[in-house]
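As written, the chains take the letters A, B and C, and residue 1 is the first residue of each chain.
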């Protein structure tokens, strides 16, 4: 009997996170501590995972250094480490930004925090697996945790409505994804991505219909997860209904996991069929950008606005995906820049309209510049970053993927993209106008928690820093890839 | 040196931001004092500048993001030098003129200083990526300046301003990416370096597309008719300092961009499209002048006069002659000085009367003789009275464009007459006659501070009017180099009288 | 006539389509959920049929994973549906209209 090659080093960070989740649940049962203590455990396990990831990074000598332990299910390479860095940053910032929510949850805080960690584990596995079934498992671990998190404030009707919509459409997407996997398996006889690539290398597929349908379904399934149009319909409702404190993490985590899996599948498994999938992805990308920005423009709820802008951002990232593996550093820079802004944006929404509440009308932000200059400034930087104004990380990110797309010959897509970014300016400016140029009403001055305050400082600084000096982060991203 | 120029306003903004909240009266004076540092630097720059050199000076370079060929590369030539000095002069003046700003003064000063940094950045950038970064980044402070401290319809104006200019620059971004990718195809590595991109071999049709993408961005900025509709709104709503910088410097980004990038990167397309631009420029000159005549609002009148004046600059630029190009550059500076001064003057009267309607005034010359004197002086400068700066610029443009675009030059000459009509007629209605309205009879004349604000502009107007050589000598080599490049890369030849600029300058001085 | 794996695949495709259509046209949350289960079982059938045709165990093994995931989804999904039902006494998604814009 052959035992699969076990490499604890490859999954050490995930083990740390799972240990953290289990510890939270056990500690909570035994001692019923303050949420603050549980937050400490989260911090501890996230830091441990980060340290272990740093260790992994240095253990892997070169970008092309890749081993595939666990019978070829996990890829131990710098790509997965990089993805995990971004994911851990988002997790830490998400928990810090939504800390008020966990405090309010009281006894249920343990549950929520454990779910946050488990979702992180799931998405982390999505990024580090190189086997379709393993990707599916990561996807489900992450998604199912998020379904529950969306409804964690279950006494509010719009929260459990959000949970149900997320659940139904999310599992529908998962089913579509796994059916695509099954068809890819039927077409190639392999489930490991490298195996599929080798198969396509060695064989000429005479009847590619099954393969093509399978690939289309995989793209559609992941398109749901990253909320690309036309599979985005769940996003606005879920972002609006779920408690503000976790939406940032939910949205960012799902985007990271989804794009990690999508790029891994397309670039590692099926680079030879790039002609087929690139045009499909390009169309999805154009649709996402167009639909995202136009619908974002007409929203009166900041969260729905952020949801639709998230659709547009999925489109922008997909412009990098169409360019193929050469664009991967750019895609990851974009994901890092955008997800940090996303988490920061929702932390501000949570601070302004209440971390457990659903919906966040634009009116709640009127005159925020007077009521809380700090929050208004942080939100402005965040929104300008999302808009991609130069000297913010958002600009460098957009620029990077656009250059890749143009180099790959998709100049029409780049033109659509730059026009969409102009419309997107209008989206974000509306919020800035309301914050700076409308008189504050009766509303009180919102005060973010200390954790959220620090997290926002970090997010704002990183948005500007990586906008002015993108080189270190870009180099880091490039060092993860052998391009 | 140039890096310091960009950094000092940023540092200044940080200093102002850190001033204690208890001492709001400090913000403006400190801001003015801090903005004198870049002015001093610009002065040093001007006098250290090696006259007679065509190329870029004070070059500085640092790798920014190597794999994409993006570097931090700055330098100054004769074209940008004047604009830098103009910016450095106008910022302290407009700050000093902003005492009527009564809320959120600190933020106001911060935004103005950041705007200044961005403007310096645009003018010194020699890497297209860097240029675009600054080009876009200046939208943000300007947007806030209009949107927070503007008039009644400020939000509408601010958003319109932002989106209009953003549309143009978005396509320019696509074109910049296209250039870098073509560089990668032709040499193996992408580059955004201006000098590298000049060496590209572009087919005429590619040139035309890219010219259009760059041109749209700049045409909106200028603004060239029919893309000008954002301008009156933005000007009318903006606070005085905003208007001064908008008209004085921001509009020049468009004409500067045409001159710096369109003419040099896409010479063939430039030659092909001269007629289109010339038609639009002339339409803008006449249209702006006519609309200005019928404006009931002083500020709007000055705003539309900008459309007309900028038309001259565009016409001169696309005349592709020494006179036209030099006149265009000179006129950029002149327009910044005179229109800036006119906006200041309108702002001063607005602070007193809280109206800008021409009909509300009358006979002000009796009540405020000093003010009337300044206004008349600046109006004359703007019309182009010989001996004042506007004359040199417009004269050079007209003579220069007569060599290649005679018909357009003749039509444009009517624009000069229109300028006289709208400005002098406005002067007549506002200042002459008897002050019959009781509100007007009690107006106070200019204070010492206000005179001190206007005085430097008057001096510069006189200097440039009487001795333009000080600037022309620095400009000429750079514009000649552009013409040389066009002649070398296309079969266009500048007609013989077109390259004899110095003769015209001498003549201009003589009158 | 033998019933080859192609037939199983076709059947699975039909089941999957029925599930997907059911998901899209039905408005009762429970029925929608059952449609999803149908889709997942179609996936299982595809895995088994393909695994058998290709002579590899991977297909059958994958089925276990899908089953486990489906079970986990059932637990969470039913809990959510019950929570919704408790607050509003309906399981029709049409009546869930708190969120729109």
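The working rule: a contact is a pair of C-beta atoms (placed from the backbone, for glycine too) under 8 Å apart; a residue touches a chain by one contact, two chains touch by 3 or more.
Bear in mind the structure is a predicted one, so any value in this text is a computation, not a measurement.
Novice: Please identify each chain that touches chain A as well as chain B.
Specialist: Neighbours common to chain A and chain B are absent.
Novice: Tell me, please, which chain's centre (mean of its C-alpha atoms) is farthest from the centre of chain B?
Specialist: The most remote chain is C.
Novice: Which chain is most central here if centres come from C-alpha coordinates alone?
Specialist: The most central chain here turns out to be A.
Novice: Just how far, in Å, is the C-alpha centre of chain B from the one of chain A?
Specialist: 44
Novice: Which integer distance in Å separates the CA centroid of chain A from that of chain C?
Specialist: 25
Novice: Would you mind pulling out the distance in Å between where the CA atoms of chain B average out and where those of chain C do?
Specialist: Their C-alpha centroids are separated by 65 Å.
Novice: So which stretches of chain C touch two or more other chains?
Specialist: Not one residue of chain C touches more than one other chain, so the list is empty.
Novice: Which residues of chain C touch chain A in their complex?
Specialist: 9, 12, 16, 19-20, 23, 29, 32-33, 36, 39-40, 42-43, 46-47, 49-51, 53-54, 56, 58-59, 61-62, 65-66, 69, 72-73, 76-77, 79-81, 83-84, 87-88, 93, 96, 98-101
Novice: Which residues, counting only chain B, touch chain A once they are in their complex?
Specialist: These residues of chain B touch chain A: 64-68, 129, 132-137, 139-140, 143-144, 147-148, 154-155, 158-159, 162-163, 166-167, 170-171, 173-174, 177-178, 180-181, 184, 190.
Novice: Taking the touch rule as given, give the residues of chain A at its contact with chain B in the complex, in rising order.
Specialist: 384, 389-391, 395-396, 399-400, 402-403, 406-407, 411, 414-415, 418-419, 421-422, 425-426, 429, 433, 436-437, 470-471, 474, 478
Novice: Of all residues in chain A, which touch chain C in the complex?
Specialist: Interface residues on the chain A side: 133, 136-137, 140, 144, 147-148, 151, 154-155, 157-158, 160-165, 167-168, 171-172, 174-176, 178-179, 181-183, 185-186, 189-191, 236-237, 240-241, 299-301, 304, 358-359.
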